[in-house]
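Both complexes below contain chain A, partnered by chain B and then by chain C.
Then we have the complex of A and B:
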């Protein structure tokens, strides 16, 4: 059994940010990451972030990843980073089973921070399992990490920011986006992204969904259907689009499995994307000294994941008696940053969801 | 950039020009897919290299024998499992390609009862 002051599961924006603050407070930290590099989904984000300078706005996602990773340099005697390592078991006594390179290891954390992020939702339609049908994130991974085009002609489903941004990235990579399908009557994401696509000639099919996919061993055609104002299919409104790629961008759900496994009190909150842990305002779950931050506590942006991560690192340190040099001012500043990120009409859904899990917003 | 190729000729699915990203492919990696010789590049996952070689259909599902390929590409969904160097259920989206790897579509092991 390997003992650490803090074990963090997930090396994305939340986990990396948590590690930095905990290290500054003097904790010994193990950071567990399933992929062969740190950064989480930031490493495939080629667009510049919105928001405030405090969360690296106007910086491209993969550059933010680089900054967060560089922040962890110089802590060699305190920090252990496990790459290609999957946390396969998590128990209420804060023991974690980690699988890496064919071997299992056991870790015991004084505190544990779960920052596992989210997975992409799927859409139900006939033949939705055909090769050629992907989550939007998969397309980003193929193109922006490995430099591989997913195919020749794409139909995108979902007009949220991810759908819009990935459509634009497909065009940047030289792939044709034939249509963007959206079940609602309005565009979900920022209009600045949508306008860019419209200027490039992408057709938006509103009040439309996918009825079925056609193909033998691989996608060949997508059949769409119009929806009425009660979200019912309109008979006879089907139309076929030739495409070898169908990209599904209909939202994310928290990767709650480790928290559920350890028996943390979970709540199903639709505003947050699904099953999320109940937590105190100190980001502690129902299990003592187990914290959660980032998308696993509710689907949001990388910006808020970074701020939540820092708060989590600070709380994990505080509760075990580690003193961060700027604890109080940092806590106030971070909480303020989150309030700013979540203000206004865009933040209403997340504020509403967070009230249900225990965080209070005035 | 070196001239990229696959066993069929030019590497058609590689992004050659990009306004933001630069891809620097250095070393060729040779592997087989269902006994066919294939070429990938250092830094590719198995799945990425298969894509560049025109392979989208990775395996078949166990119960209904339906074609399976990549869905999430980050190790969540399990749709890209293949047999690699004789080991079943390897996540090809997360596993880096290595010289002389033997990659095979898994043979369905569904029972008849």
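Then we have the complex of A and C:
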């Protein structure tokens, strides 16, 4: 069994940020990431990010990942990074099982931070397993990590920020976006993203969903259907769109499995995307010295994931008696950053959800 | 309505331009960021402090046209591609717009002028191209000219031949 002051699962913006602060506080840290590079969702994002300067606004996502990864240089004697390593087991005594290159390893953390992010939701319709039907994350990985175009003509489902951004990236890659289908009557994501698509000639089909996919060996046509205001299909309103790619972007749900497995107290909070851990305002879950941050505690933004990660790193250190040189000022500053990020109308849903899990109060 | 169509109404667009058209004899930034989002690079990038969002970064950016020099720095800083610079000169409308597609236009070419609904409204002349640079993480900004009556309609350019 390998013992560390802190084990972090997930090398996205939340996990990377937590590592940096914990290292500065003097902890020995193991960072476990199942992909072959660090950065989480950020490495697929070619657009400039929102937020304020404190969270690297107007920097492109993959550049933010690089900044966060570079921040971890120079801690060789304190930090161990495991890539291609999946945490497959997590137990209440803070033991973790890690699978890497055909071998299982056991880790014991004085503290553990779970920052596993989220997974994509799927959509049920006839033939939804035809080749050519992807989740938005898969399309981004193909295009922006491997440089492969997913096809020629795409129908996008979902007008949240991810659907809007991936549509834009598809157009940048030279793929035609035939239509953007949205079941609700209003656009879900930021209007500036939607306007960018509209001026490029993308049609928005509101109150519409996908009824079925048609194709022999590969997607050929998408059948859409109109919905009434109670989200019921309107008979006879079907129409066909020729497309070889259907991209589904209907939301994310937190990757809660490790926390559930360890027996952390979980709550189903729709505003946060599904099952999330109950937390104290110190980001500690119901298990002592186990913390969670980023999308696994509620679907939000990289900006807030980074700030939450830093707070978690700080708390994990504090509670084990490691002193970060700027602990108090850092804590105040980080809490203030989160307040600012969440105080507008976009943050309303999050604020409501976080009250339910105990992270924030009225 | 904009929540359903992603197209700003004529009144919304007008509200972002100076009330007095003569102000546009000098270049001014037109900020089309109509909804509150947690974002403020426009404010922090403007060297002349012409844009104000304030402490609550969700507030909608406000511009002071007296301070704006039309330098265009906010155009390539805005992650929402929501800012352009407009000017009127010799009866023509000039715009600096962000452009993130390939190929990048060449100076002197004639491209299509497109409105907020995505329709072609006219053609336009490519006057200047400032390629985005990786080192400074900037977006390519293209200056175009077209007939003045399209002042409130134009929003972006499209390569001729791309429907």
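By definition in this document, the second predicted complex is superposed on the first by the 360 of 362 C-alpha atoms of A that agree within 3 Å, B and C clash if a C-alpha of one lies under 4 Å from a C-alpha of the other, contacts with A are read in each partner's own complex, and residues count from 1 in each chain.
Definition applied: a residue touches a chain if its C-beta (ideal position, glycine included) is under 8 Å from a C-beta of that chain, and two chains touch if they have at least 3 such contacts.
Given the structure is predicted, the values throughout are model-derived calculations rather than measurements.
Visitor: With the two complexes superposed on chain A, say which partner A:43 touches: chain B (first), chain C (second), both, or neither.
Guide: It touches nothing on chain B or chain C.
Visitor: On the A-aligned overlay, A:147 touches which partner chain: chain B = first, chain C = second, or both, or neither?
Guide: The answer is first: A:147 touches chain B but not chain C.
Visitor: Examine A:218 and indicate which partner it touches, taking first as chain B and second as chain C; both and neither are also allowed.
Guide: In the superposed model, A:218 contacts chain B only, not chain C.
Visitor: For A:172, is the partner it touches chain B (first), chain C (second), both, or none of the two (neither)?
Guide: A:172 contacts both chain B and chain C.
Visitor: Considering only touches as defined above, state whether A:60 meets chain B (first), chain C (second), both or neither.
Guide: Both partners, chain B and chain C.
Visitor: In the superposed arrangement, does A:16 touch chain B (first), chain C (second), both or neither?
Guide: neither
Visitor: According to the contact criterion defined above, which of chain B and chain C contacts more residues of chain A?
Guide: Touching more of chain A: C.
Visitor: After the superposition on A, what does A:345 contact: first (chain B), second (chain C), both or neither?
Guide: So A:345 only meets chain C here.
Visitor: Which chain A residues are contacted by chain C in one complex and by chain B in the other?
Guide: Shared contact residues on chain A: 60, 172, 174.
Visitor: Help me check something: in the complex, which residues belonging to chain A touch chain C?
Guide: Within the complex, chain A contacts chain C at residues 47-53, 57-60, 63, 171-172, 174, 185-187, 190-202, 204, 206, 301, 303, 340-347.
Visitor: Show which residues of chain B lie in contact with chain A when the two form their complex.
Guide: On the chain B side, the touching residues are 13-15, 17-21, 23, 25, 43-45, 48, 51-52, 56-58, 61, 66-77, 79, 93-94, 96.
Visitor: Could you list, by residue number, the parts of chain A that touch chain B in their complex?
Guide: Contact set of chain A toward chain B: 34-36, 41, 46, 60, 119-120, 122, 129-135, 137-138, 141-144, 146-150, 172-174, 216-218, 255.
Visitor: Mind pulling up the chain C residues that touch chain A in the complex?
Guide: By the definition above, chain C touches chain A via 2-8, 32-41, 44-45, 55-59, 77-82, 100-102, 114-118, 137, 139, 155-156, 158, 163.
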